[in-house]
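Both of the next two complexes hold chain A, though its partner changes from chain B to chain C.
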Partner chain A sequence: MSEDTAATGKSYFTPFNIIAGLIVIMGLVLTVIRFTGGLAATTNLSDYNPWGLWIGFDLLVGVALASGGYVTSAAVYLFGMKKYHSALRPAILTGFLGYALVVLALHYDVGRPLRLPYPFLVQQGTTSLLFEVGACVALYLTVLFVEFTPVPLEWLGFKRARNLVVKLTLLLTIFGVVLSTLHQSSLGALFLIAPSKLHPLWYSPYLPVYFFVSSIIAGLSMVIFESTLSGRFFKHKMDETHLAEKDTIALGFGKAASFVLAGYFIVKVIGISAGNNWHFLQTGYGAWFLVELLGFVALPCFLYAVGVRDKNVTLIKWTAVWTVLGVVINRFNVSMIAFNWHLPASERYFPHWMEIGISVFIVTVGLIIFKFIVNRMPILYEHPDYKSAH
Partner chain B sequence: MSISRRKFLGWLAAAGLSTSVTRTARAATTQHFTGYPDSVGVLFDNTRCIGCRKCEAGCNKVNELAAPDQPFDDLAVLDNQRRTSARSYTVVNRYDQVNYLKGPLYRKIQCNHCLEPACASACFVRAFAKSKIGAVTYDETVCVGCRYCMIACPFEIPTYEYDNAITPRVMKCTLCYPRISKGLLPGCVESCPTEALTYAKREDLLQIARERIRRFPQRYVDHIYGEHEMGGTSWLYLSAVPFRQIGMREDLGVTPAPELTAGALSGVPIVVGMWPVLLTGIYAISKRKEKLASEEKELAVTTAVEQAEAAAEAKLAEALAQADEEKKKAIDIEVQKALEEAARPETEEAEKSETEEDS
Partner chain C sequence: MEGTIHTLQEFMFHTESITYLIIVAALIAITGFWLFLNGRDEE
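Showing the complex of A and B:
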């Protein structure tokens, strides 16, 4: 951004900057409307539909897609897969930004955002799954922050502080995986309390398991997707190791994703069997469920496998995009499309354009910060002072 | 047996005073919680309801809610199906064509005050509480406004002040908790002109309801809605027609809401306890594998070096031996040569002297 353009003498008005700038302006206007007019002025939420896009996308999808951080750090530090080391920092950065933006988005969604610390400071509702989600997200955001600090510390040249944080790596990684297991699954468990509102094909006692397993899938696919994008837009920032490991990461993570998708497919089928919900498959919702299960679980499982066998990195990259889309669809189904399925069409929810606007705004803010950091800090290359220090 | 409200006013005092009993209602215990002893409730009998909306008016008045768009005596409102809203804790709906002989039937909707409320279990700041007297109360001073209570409530009761930008609240019937604590009747019960609403201890209400069904089996369906639904509710319902025909869900089941999430919650400490063990184990295994691999590598290298050295030594020794032999040979040859050389002059000299002697 600014520094690059100044250095290379280019204009500030790059297509990215223009579009991002317009979105940010729109977002700021919508923010004013939201906090002066209330939820009624900006959303289509109703008494029947208390949760909309800001929970379905910003919270559920946001947290699921930010899972690359724990998946990659577990692979590298706990499972000893050191050849994926260059995927680590981009994944932790996206994870950290993802969670930070989730928390930002929640300020738009809840009625009294300044009270967001109340569940921890004032009164603890420990019987609530949402308490668990809140506690784990808050703690995990802190963990991701600490995990990320070596990057700015290297950038700023604080060697001793950086080396101190690096010593905590193993502890932080284990803590991060524990917290991620808990809140990824709890996001699914949120809906356990509403069996009478969520369609039986999506409601299952295994919802927490589904959300956790699919978060691994989302994390693996997002790392592949991100490295594709970085390879395209930040190639000049990548050092030889990162360039060389790019395809290794796609092949390795694609293989893992294929396996986890296979497991996910099996537990989903077990869920239908356990609930004996086969007859719903003949209905319209059943057809949509099959689209999700066959089109966005079974198909990418197969495509990943083919891609890995043929060492077809292009196929793996496109499959990653498709898989991420599948996780988005799943979260939308659980929180919006199959939720309140018993209500007449007139009472169903469809997001207001301003809700979509805020979500786009928040994603854009994430992209801008990501770009800012990647252009300055050692994310896609190793800092010369710490080469092979890990 | 018809019991007047007045009589229950007396009972109420007893109910209100007997809340000192301490018993905790907790999710996922082996005990089946059937409500606080002597807690109160309301029985709604739709064979007595005339759809006058007086209860709506009474509720609006005692709870000081915003005035409705249409006045409460405008019964045209009943032409549409309504639900609770931020401006009305209770609404009455009319159901035509469910009971041809006796005209329309009505159903009053408000918070059912579950014995184990979904909203209270779902709230992450404990803004909701089931009081000992039976009311499910709401504390707006801690509410964050996440609206998970509205997701959780199987009866779709809580509502939200979406148009309030700064201090929005969840709005729902409180069973007139402030009034009943003082020994007064809930606003709706007080204003009902037909005794379609009966306020009493829940245990007594169940007796009354059973008695009505027993005495007039042709008038009622044999079911007290709320006795077991979602683990039981403080509000109970009698109806002339099956409850689904008056918009009440019969597929909610009898499991109290907290039990639905108890399993997931019980998994939390297990993950906290066991995941670090498992993950450290995986780390240790991968670390050990790495160590073994590097040891093996080292061993392979040393062996290779040793072998190479041994081979080189052998070769050297051989070469040396050969060199020795060759040297020996060379020496032998030299010695031989020297000897031969030494011998030659003698013979030459001898020959010479011989020739000299000859000449």
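Showing the complex of A and C:
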């Protein structure tokens, strides 16, 4: 189904394609600069700030927002909530693309792409959390790829291969949840080694718990968010089942997100109490912490609950956007804003425009691929040959 | 009783006491929140 045919009269020069094309051209130029000029030519990273936007946004935010895959798989296959089945493939696709782009973004930060397999083949740092994160992300990306393969196999008509892969679903789901628990928490645990660098309101021995729980919240909210966007931009691709179940998914995932947000709020307060850090709430950083905790945790928790009680899907959809923004802010706070909080302003980090450009380029590549797949493959509809398969 | 904390034992006693109270209050609050969340489902 080509978008550009003389019969339909449609052009490739849509606003999305033009803007995306310009971003891709910019991104390719910046890529050349990064791999020929090094970090100094394209970033504001330094010995004080070795991790910046590419870690804070592309890795931490990217992994958190790609968690819709394991959350939805767990809901459908482990908890038996079959009514959310239509959310599975979009969530798996988003997760697969998300993790793939996280690995792509990592290449920009690490800088020597051919050495990516080194932790597995040359020098295993088994005492390092980063080794565990790398191993889990690599394995989980493989799991997501295998979970996604039924889609192109259906599209290409390879029935036997498709049916064989589908039999692995439960095993892959269990493996995916285990791996996700490991690496989502370990990304937070990376900061345990820097108690003097991360502000006490964000630093806690419970950082792994914070990151894991907030990844569940991010995953639930992202599924609602991408369902909203799909309903807006890909409605013509959705079959009756997907259209009918959209609101059910929003209400169900909204209820889950509300409850998990409540639990997250409680563990954050317990973390402050355990460290006896109440006095920091009266500082400037404390005010910003309260903005994050009250404005982006407590408020969406309450708004989700009101939306679920009143069956107000619009409120739930806007709350999902707000919650995703809250997770982004949390990851930014831990990795950049509240990190090195004691340093003078001259030593603090702000991303170079080229770092921002590369991150925008990577997100745009993800959107382009997502659009390509959704427009051609059975993501938002069931393939007619497999309608009774679920 | 002095307000200054001298030992780790005193610090832990102080912080854990408050934390336990918060946990008990949180368990009661989250039960109420669960009832609030599911309140309209039974109607």
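Simple rule for what comes next: the second predicted complex is superposed on the first by the 382 of 390 C-alpha atoms of A that agree within 3 Å, B and C clash if a C-alpha of one lies under 4 Å from a C-alpha of the other, contacts with A are read in each partner's own complex, and residues count from 1 in each chain.
Keep this in mind: a residue touches a chain if its C-beta (ideal position, glycine included) is under 8 Å from a C-beta of that chain, and two chains touch if they have at least 3 such contacts.
Here the structure is a predicted model, which means the values were calculated and not measured.
When both complexes are overlaid on chain A, the residue A:K197 reaches chain B alone and has no touch with chain C. In the superposed model, A:S273 makes contact with chain C only, not with chain B. By the touch criterion defined above, A:P300 reaches neither chain B nor chain C.
After superposition on the shared chain, chain A has more residues touched by B, the comparison being chain B against chain C. In the superposed model, A:G56 lies in contact with neither chain B nor chain C.
After overlaying the two complexes on the shared chain, residue contacts for A:G68 are found with neither chain B nor chain C. By the touch criterion defined above, A:G366 reaches neither chain B nor chain C.
Of the two partner chains, chain B is the only one that A:P208 touches; chain C does not reach it.
Across the superposed pair, chain B and chain C touch chain A at no common residue. For chain A in complex with chain C, the residues that touch the partner chain are 255, 258-259, 262-263, 266, 269-270, 273-276, 305, 308-311.
Chain A contributes residues 35-41, 43, 45-48, 50-51, 74, 77-80, 109-112, 115-116, 118-119, 122-125, 127-132, 134, 170, 173-174, 177-178, 181-182, 185-186, 189-197, 205, 208 to its touches with chain B in the complex.
In the complex of the two chains, the chain B residues touching chain A come out as 27, 83-86, 118, 120-127, 142-148, 150-152, 154, 156, 158-169, 249, 251-253, 257-258, 260-261, 263-265, 267-268, 271-272, 275-276, 279-280, 282-283, 286-287, 289-290. Of all residues in chain C, only 11, 14-16, 18-19, 22-23, 26, 29-30, 33-34, 36-40 touch chain A in the complex they form.
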